[in-house]
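Some structures are shown below for you to check.
First subunit A sits with subunit B, and in the next complex the same chain sits with subunit C.
And then the complex of A and B:
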């Protein structure tokens, strides 16, 4: 089912949670709503679900206006942030709930419900826990029960609010991939809310970056990472170094260059992965500058080197230990740094 | 002495504290209960049995149970709807409502009774009209039920509001997303979540309703066999110097109180276990 959101706004008291949002999600896509807390991403998800009503604007499912439809008619599955499992029901009854509350005419009989619930529990690999209660499960297991419960009513759209938010980091990574595979095998449209950039990058087909109730950018993970629409997106997606400089003769200059008083301030954002450390100036590419190594931090696969530029700004460079001899990067050593010019993002600066 | 010693470790202090507690418990709890029991059986088993099986005592018991039953049912309905409203909706005057629910706790029971006498008595417009139409509230059973409801109505609501507020409405939302209608959500999700809280409130309300004296006394009119509840019946017996009979009937109230206490403890234990399981 495709989802089309047109000019939707939502106000809570004096707080504008969503400001004129428009977004379309084609059938079968897995979309991440990504943003800091308070950006309106959960509100948007709840509007799509029908848990809240928009102040203005329209939401279409498959081209049909669904504003007046209840959650049941919308055919939406919702996985809550803290799972919201029914604590007084067993895992089996939790999953069966959506089937049991159906009106008499369309309700399955007990044997069919049992078969369907067990199939779903096998799908989430929890059939052996059918008789347990939510309180007896681990976080990851609860998460999967919540998923099975949402899938029981065969939704066309699956909405997930911070699906991995409450989990340990190693379980989180495992579940991400599993959820992605599940989405692909079911062929439904999924939207999930997250504030975790890695999560959005890894799972989603498309990322919608939100801030203050507005969409800052939407695009594939590659687009959002490599062609950020603005400084906010650049800073939010991945680590970034900030340099202050000035625009002079249509060129950004940094550090020691004297201000003429005529120039405009400019800020440049450069990712640690878009910079390189060189031990001598001759092996350097474009516009190198001097820096002093402050310290090294090991992040597993890559190493972060913290440096101070010759004009005193502190920044980070990512170094691949396979390409560079780490023993030469001793704190206090003078080195040269080059920048991949096409990966730099300038703010308030036009040529 | 070791520096890790905690407050109250000194033997002297400990003994003094224990002595004070025991003294207090004996004077204010054990002794009165003993007096009630001893006095009740002072003139033998036969008198005791006669006192609690005479028609007027049975009528008083019946009226007490009716008033308590109605009060419990109406409090449960009121408590549920008030708590549901307060936790699921936001509206103007919400805090005022929460404060008002406590009003019967702060108003003296005698005043509560007087309110109803003034409201439904023969001197008020409403009371006059009702009496003209053959409906008697004051000095009749409805008045006793009303007064009992009034003094007990905060119990269930007060128990449920914090409970439901702490549980939030995520499970209800989940049920809604799964296609349940309001009725199904209420019975299958909300009630199981709060049933121990409801029972706890009910037990407290029932305990209070059975023992209520002040408010009921004002609206009752003390008509024997008609508008006497157990506490009022005891008062009459006592005033007529039938001490043994008065204490015999009092043991009935004592039994109610003990049952209430045991149920209360059990429910507290269940509620604790519930919240630990989360």
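And then the complex of A and C:
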């Protein structure tokens, strides 16, 4: 089922949670709503589910306006951040809930319900826990029960609110891949909310970056990472270094350049991977500047070098141990840093 | 008993690695407090009644007046507790879920039966249902005379027990996880199905606790009932009143025997309800 959101706004008291959002999700896609807390991503998810009502704007499922349909009529599966399992019911009954509350005419009989629930539990690899109660399960197991419960009513759209938010990092990684495979095998449309960039990058077909109730950028993980629409997206997706500078004669200047007369503040964001350390100034590199090594940190595959620039700003550069001799980089040593100019993002700067 | 408690607390103490300071002092104060206020007086009562021979015991407890008093007390208490169970839950629901004008006043009114001297309640209700009373003047011509009747006692007990169910169910509703209802909605449940299958089952422990407390309170209620019941032996005489009557007749033994049986009844009841709650929690995996 395709989802089309047109000019949707939502206000809570004086707080504008969503400001004129438009978004379309084609059938079968796995979309991540990514943003810091308070960016309105969960609100948008709840509007799609029908748990909240938009102040204005329209949502279409398969081209059909569903504004007047309640949450129970929309046929969406919703997985809550804290699972919202019914703790007085066994795992089996939790999953069977959606089947048991169907109106008499379309309800399956007990044997069919049993078969279907067990099939779902096998799908989430929890059939051996059918008789347990939620309190007896681990976080990851609860998460999968919640998912099985949502899938029992055969939703055309699956909505997940921070699905892995409350789990350990190693279980998260495992479940991510599993969820992606599940999505592909079911052929449904899924939207999930997250504030974890890695999670969105790894799982989603498309990423919608949100901030302050607005969509900042929408695109594939590659687009969002390599062609960020603005400084916010660049800064939010991945680590960045922040440099303060001034605008002078229609040019942004950073560092020790003399400041004369009136100048506007400007900020530049540069990824640690877009800078290079050189031991002497005559090595290649455009417009290098001087810096002092503060310390080295190991980050698994690469090494992060923390430096202080000659004008006193602290920043990080990623170094590939295979390309550079780490023994040369001793704390306190003076080095030169070059920047790939096309990977610099400026904020509040217009020429 | 006390020795057993201390032993029990000691094992608890060793099993947890961290505890706040002051455990010894606090436990000592707690045990002393409970002993002086509850255990010792009750023990004296039980010991006094234990001096009675089996023959005397049977004679006292099978006395028609005593049997009748027990029957009146227990039956009115059960009915009053059940009425409070239904309507108390309803009031708690409305009170926790909705905002309405005068909610704060209502809040104070709910607690009023806790605070009001029970004699005041008794006099007020009796005046209300008397021949010239506000309600009595309409009810008595219809042949409904509540004063000096079984139903009159029940009404007084409903009044006295009202806050218990409301005040135990309300906090549970206040803290109720809204996501559970939302989950039920997205799974296709109607509002009625959501209430019956999701909300109510989670309220049952609180409703049960509240109803038990109301029932226990009704069993011992004296002040409000004596005015409205008329205290007719074999008809509307309640157990607490019978105890007082026996004491006034210097029949201390009779009074303590009846009192001890009341104590046993209340204790067994509370034990059973706690047992049910514990079993329920254990079944849900919330208790080891």
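Here is the rule we go by: the second predicted complex is superposed on the first by the 340 of 351 C-alpha atoms of A that agree within 3 Å, B and C clash if a C-alpha of one lies under 4 Å from a C-alpha of the other, contacts with A are read in each partner's own complex, and residues count from 1 in each chain.
Following the convention adopted for this analysis, contacts are C-beta pairs under 8 Å (C-beta built on N, C-alpha and C of every residue); 3 or more make two chains touch, one makes a residue touch a chain.
What you see is a predicted model; the values in this text were computed from it and never measured.
For the composite obtained by overlaying on subunit A, subunit B and subunit C cannot both be accommodated without a clash. In the superposed model, A:80 makes contact with both subunit B and subunit C. In the superposition on chain A, contact of A:132 is made with subunit C only, not with subunit B.
When both complexes are overlaid on chain A, the residue A:60 reaches neither subunit B nor subunit C.
Applying the stated contact rule after C-alpha superposition, one finds that A:71 touches each of subunit B and subunit C.
Counting contacts as defined above, subunit A residues 49-51, 71-72, 76-78, 80, 82, 84, 86-88, 97-98, 101-102, 133, 135, 149-150, 152-153 meet subunit B in one complex and subunit C in the other. Those residues of subunit B that touch subunit A in the shared complex are 170-171, 173-181, 184, 188-189, 192-193, 277-278.
On the subunit A side of its complex with subunit C, the touching residues are 49-51, 70-72, 74, 76-78, 80, 82, 84, 86-88, 97-98, 100-102, 132-136, 149-150, 152-153. Interface residues of subunit C, counted against subunit A in their complex, comprise 177, 179-180, 182-190, 193, 197-198, 201-202, 283-286. Residue ranges of subunit A in contact with subunit B, taken from their complex: 49-51, 71-72, 76-78, 80, 82, 84-89, 97-98, 101-102, 133, 135, 149-150, 152-153.
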